[in-house]
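So, here come the structures, one by one.
Note that chain A is present in both complexes that follow, paired respectively with chain B and with chain C.
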Partner chain A sequence: MATMTPADATLQVRTFRRSPLSRARGHVGALWRRPLTQAIAKAVLTIYVTSTITFFLIRLMPGSPVELKIDELMQNGQMSYADAAAAASGLFDIDLNAPVGQQYLEYLANLARADLGNSFLSQGTSVTSIVLAVLPWTLFAVGTGLLLSFVSGIGLGLVAAYRRNSPLDHVVSTAGSVISSVPAYLIALLILLIFGIQLRWLPITQMRGAFSPGMTPGFSPAFIGDLFFHAALPISVFFLTHIGLWILSMRSATLAALEEDHVTVARARGLSDGRITTAYVGRNAVLPLVSQFAIAAGAVVGGAVIIEQIFVYQGVGLRLVKAVDQRDYPVMQGIILMTTVAVIVANLVADLLYSRLDPRIGRAGGASGT
Partner chain B sequence: MPILSVRGLSIEYRTRRGPIHAVRDVSFDLEQGETLAIIGESGSGKTTLAVGLVRLSPRSARITGGQIVYDSGRERVAVLELDSEELRRFRWAECAMVFQAALSAFNPVITIWEHFFDTGRAHGMHDRHRVHDRARELLHLVHLDPDRILSAYAHELSGGMRQRVLIAMALLLDPRIVILDEPTTALDILTQRAIIDLLRELRRKLHFATIFISHDLSMAAELADRMLTMYAGRIVERAGVDDLFYRPRHPYSIGLLRAVPRVSGALGSVASIPGSPPDLIRLPRGCTYYPRCPFHVDDCRESDPPLLPVDTPGHEAACIRWEAVAARIGSAAKPVAEKLA
Partner chain C sequence: MTTIAAPARRELALPGPVSAVIEFLRVLSRKPVGLAGLFGVVFFLALAYLAPLVVPLQDRVDVTAIYSAPSFGHPLGTDYQGRDVLNQIVYGGQDIITTAILAALFSTLIAITFGAIAATLGGRADVLILAITDVALTIPQLVLLIVIAAIFRPTSFISLAIILALLQWPALLRQIRAQVLSLKERDFVEAARSLDLGLLHIVFREMLPNMRSYIAINFIIAMTYAIYAQAAIMFLGLVPLSGKSWAIMLYFAYNQGALFFKDSFFYLMGPIMAIALFQLSLVWLASGLEDVFNPRLRS
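Take a look at the complex of A and B:
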């Protein structure tokens, strides 16, 4: 301690100099190993890849918006091709003759600034406002339908598993497998034909749209009731197409969970049936279904296009079809991008929820860093 | 007055080929504070019997006859006649069970503390602090660090630790009977040693009666006061631990003893039992061990012999040839394998 050789001094200096850098590296490493960081990085990558593919696929479609407009003007306005072309080109503030690579870079640059551009056809309307006007309706209908089907399917599946081979089990599982094998659009058409047209139980024309004209949006009971009135048909379709899946998955997961040794031990410990069913059987059986739910959410948002079309519900699907008809590139890109983001967020939430529900996942990720 | 008395217990499994007679006409008494070991090879009905005692048999099993009477000190309880709520309260509070599958005995998504608290709450201990204090005390007793264990999930503990936790949890409600079903099967030899020592220590401190199911004879020898040998679902020999090890009177017990390798014994002294256990669906007529028995005579084919008293007191064997066996084995306090080597 008393004597300090020059060698000691340099050693001290060296360790001092190196430590901030290695500490920073340690911080970055620790941050990267956190499951949330990895999930967000994956989400950003997915969004980038999806938007790139969308961008190029849209431009591979036959007929550009300019050509469609020229056709329209020639037919409706009785213009010559040259006049129509001149008139049409003035309508679009994007140069579609620029090289695709350049358009792509501009698109990415705008995207980085969270700017989705303006609609080609409704001049001056930003894509963001169009998407925000329709996306909530789809998320509302899909989310409600899926959640309802998830909750009731899990309940029914659990009961069916507990009453294995009883008449109730046979009815529930057969109904589940029949209904889950009918495509969503068929169910939608059958509802329209049977309850709307044959029996006239449902006022299907009044149920169109997202809410009735003249209603003021707000958190009033009347408005919320009206929302459910208009979304009832899409919600029922999403509910019916998925409940079979949840029943069958939950039934088999419960049967497997019931065979677990720890359930027998719980019985030997004299726990009540209620506690065993919820905390020991149910909670373990539902785990694999959480990630299945996230996957289903993605598929349903994508599949909502046809259902919304059939019921004329003002969601992203209906708007997307319109945008495709008009070759409104920015709106198409915007809707697909926002839908992707919605699905990714749903997945992210499911992942986080999963790691909360199953300590083996969450803790394993945290422990590997130490 | 025995704390648990079993009379004529029979358990069957229903299968497509017909009922499997896994436990046949089993009777025994368990005295207060004693350790009774049940030995036999795989498939002899040991575990079916143990699980049947607390009526935890799988759906396919059915108790077809017999009686189980538990003496709680205040009253005599017919276990087979309890309704589901009475049975739930009987389990663990009066008769706890440490399972063979201790490694998977814990719910993976809740902490060890929640297991303790669930158990306590199910039996009227609603005071968190009381359960917590008792859990800490017991974990300490099984040589674990209570704070670490209680906040842990099962997957964070080693096999030996989980086995100790399960033993500690078995003692939470001060049961008068603890059933140990092959408690060390999945553990390495050093951990097995530690668990045996632990069980001896706990028994000395807490005075509970133990039914100990094992195919590990050396373990049974260390822990048991009395032994039952099971073969093809029946008890074929009932003896004090020294009698069974030095003076067995049933040829099957001799077969089991000879199958254990000994460090000090000659290499050739280990012998397996020829043949295999009988089909429990179509049982042969006569003694079930007859086809594998070196002592058999023609009369063995006639009827399945009941347990008969033999030359040493408090010792019974289900063998009409026990005198021939006694003549061959003798009464010296020397391991059977050495006598026959």
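Take a look at the complex of A and C:
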């Protein structure tokens, strides 16, 4: 075989020489192609990049917060530069004289142990404990509002698509497009202004905070009721601002699904309307919305900052604005990281749910959405 | 089959652009929402950029007219120092809209450049750009924006626009990439490639003109993001509050009395309604344009 083309050569290698190394590579490749592995790799990469961004934001910018803190300590505490620098680096948990690369590595090592340093202002309190104390409240309000809006929006969107061009469809679609284009914080302000201050229907000052003072946290009905009482306003804002998105997306997804041939076939087979709606139309229409849900989760956690500020709800947002006012950089850094992690977890759950709902995705090499 | 929906109507014997505009308005007016959006956007642009040329600035403090209800002299009432709210609305549009336009421009440029590179080169470049985009999409943008604004304290609207653009390009990039991927398979792109016209020519002379409508719609959506984010950080008081803008008005209106004075209702409603209605007009215009440019959606 004097005239062997390169393609033949690789074919021969593949067929006859399968070394243990290449077999191992094959296993790694198969593992890598699994959606779950890719999702986890993406999550780790995102956490790494986010922490790197916050590191460089805080350490390397001109007039870094560390320098600011040193200046502040020298002026207020009458310290010498060396003392102030030592105190400041203690606060940041970093060695300021070390080269940047080393500082960065130490920061990453601390991060791997979930050690985000200590707060500037409440000394001795770790950033992790501060963020963990407020994050659940935000996730509770955001999660409840988003899930409620998702479920009711999908229902309304489905109905609107089935009754296309009926008065109901027009009302639902228009209301959805109006309410989803107004910024969430303006809706929050309008609720506060109209129902809280002008009409005095809502006891807005009593509704502040995450729960009433004097309540003992626990699984008692009274405490859970109190939680919902305090979270009611943020939940309704998250609900209102997202329901429009789900209505409109579900409506157009359902319209597209209704055109599919298999729906016509199902009708011809004489399947009941209920079965066609749930198994043939609804299931296919909901699929793209699941990944949209994960993207929305990220945007809402960010948007929650102002909503919490307006309603004085004790979540991440209120804490972030406080940290910004106090120039408490470690806390800011911690909040960016922890909210990103929360969004990543939401993304992972959505990915898993997606592969459950869509059997094509579950297998390696299956159809993958772009 | 291109998606351009304005066939030249030669029987009218009008110059090309004029007939194109007439055709555009004719199609747009089939859907009242799109037309309402167009009127809203034109109205607010005129209010922000033309009205200040004719309406004199009134920022005289008048302690006898604090929080007065709408009247003939003050159609939208007065603020905590007795100044006219309507006058502030007129003067407050320019900065916020200019920043939004600049931010949309910068983010669209980033998205087109890297989206087109990712889609046309494919392979490793595509994987890398998509990975960066995914990461940027995951970080809660407003949280990051608040921290960046608190650290850098952008004073000019150009620097604010750049910060906004650096945060909001990812969603747009994914869409541009998907669009370029589908255009890549079209015959005219194949033809250009077989003529060896070069990557730059193919992207900018062959593909971009076919994505014009798509880019216009996404530009408008990018403006709504920029207004949302910018008003948010101004409302929180994170950027130096100099100059006049609806968002700065909102900050003062809220902090000077929303919770203490029942009378400040109209003062607060001024900027709330200005921002909300402008956002709504933009979204409606974008959805109207979608119907004009995508004939399949018309029914």
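One rule holds in what follows: the second predicted complex is superposed on the first by the 290 of 370 C-alpha atoms of A that agree within 3 Å, B and C clash if a C-alpha of one lies under 4 Å from a C-alpha of the other, contacts with A are read in each partner's own complex, and residues count from 1 in each chain.
In this section, a residue touches a chain if its C-beta (ideal position, glycine included) is under 8 Å from a C-beta of that chain, and two chains touch if they have at least 3 such contacts.
These numbers come from a predicted model, not from an experiment.
Novice: Looking at the combined model built on chain A, do chain B and chain C fit side by side or clash?
Specialist: After superposition on chain A, which the two structures share, chain B sits beside chain C with no clash.
Novice: After the superposition on A, what does A:H262 contact: first (chain B), second (chain C), both or neither?
Specialist: In the superposition, A:H262 contacts chain B only.
Novice: Taking the superposition as given, does A:L186 touch the first partner, chain B, the second, chain C, both, or neither?
Specialist: After superposition on chain A, A:L186 lies in contact with chain C alone.
Novice: Could you look at A:L45 and tell me whether it touches chain B, chain C, both or neither (first, second, both, neither)?
Specialist: A:L45 contacts chain C only, not chain B.
Novice: Would you check which partner chain A:I295 touches, where first means chain B only, second means chain C only, and both and neither mean what they say?
Specialist: In the superposed model, A:I295 contacts chain C only, not chain B.
Novice: Figure out whether A:V345 sits in contact with chain B (first) or chain C (second), or with both, or with neither.
Specialist: It touches nothing on chain B or chain C.
Novice: Quick one: chain B or chain C, who's touching more of chain A?
Specialist: With both complexes superposed on chain A, more residues of chain A are touched by C.
Novice: Under the stated touch criterion, which partner chain does A:A222 make contact with: chain B (first), chain C (second), both, or neither?
Specialist: Neither partner.
Novice: Going by the contact rule set out at the top, does A:L271 touch chain B (first), chain C (second), both, or neither?
Specialist: The first partner, chain B, only.
Novice: Quick check on the superposed model: minimum Cα to Cα separation from chain B to chain C, whole Å please.
Specialist: 11
Novice: Identify the overlap between the chain B-contacting and the chain C-contacting residues of chain A.
Specialist: Touching chain B in the first complex and chain C in the second, no residue of chain A appears in both lists.
Novice: How about chain C: which of its residues touch chain A in the complex?
Specialist: Contact set of chain C toward chain A: 33, 131, 134-135, 137-148, 150-152, 171, 178, 181, 224, 227-228, 231-232, 235-236, 238, 250, 254, 258-259, 262, 265, 268-269, 272, 275-276, 279-280, 282-284, 287.
Novice: In their shared complex, at which residues does chain A touch chain B?
Specialist: 260-262, 264-272, 275, 279-280, 283-284, 287, 357-360, 363
Novice: Note which residues of chain A are touching chain C in the complex, please.
Specialist: Going through chain A, the ones touching chain C are 42, 45-46, 49-50, 53-54, 57-58, 61, 65, 174, 177-178, 180-183, 185-186, 189-190, 192-193, 197-198, 204, 295, 298-299, 301-303, 305-306, 309, 320-321, 324, 327, 332-333, 335-336, 339-340, 343-344, 347, 370.
Novice: Chain A touches which residues of chain B in the complex?
Specialist: Residues 54, 56, 88-93, 96-97, 99, 101, 104-111, 118-119, 122-123, 153, 155-156, 166, 169 of chain B touch chain A in their complex.
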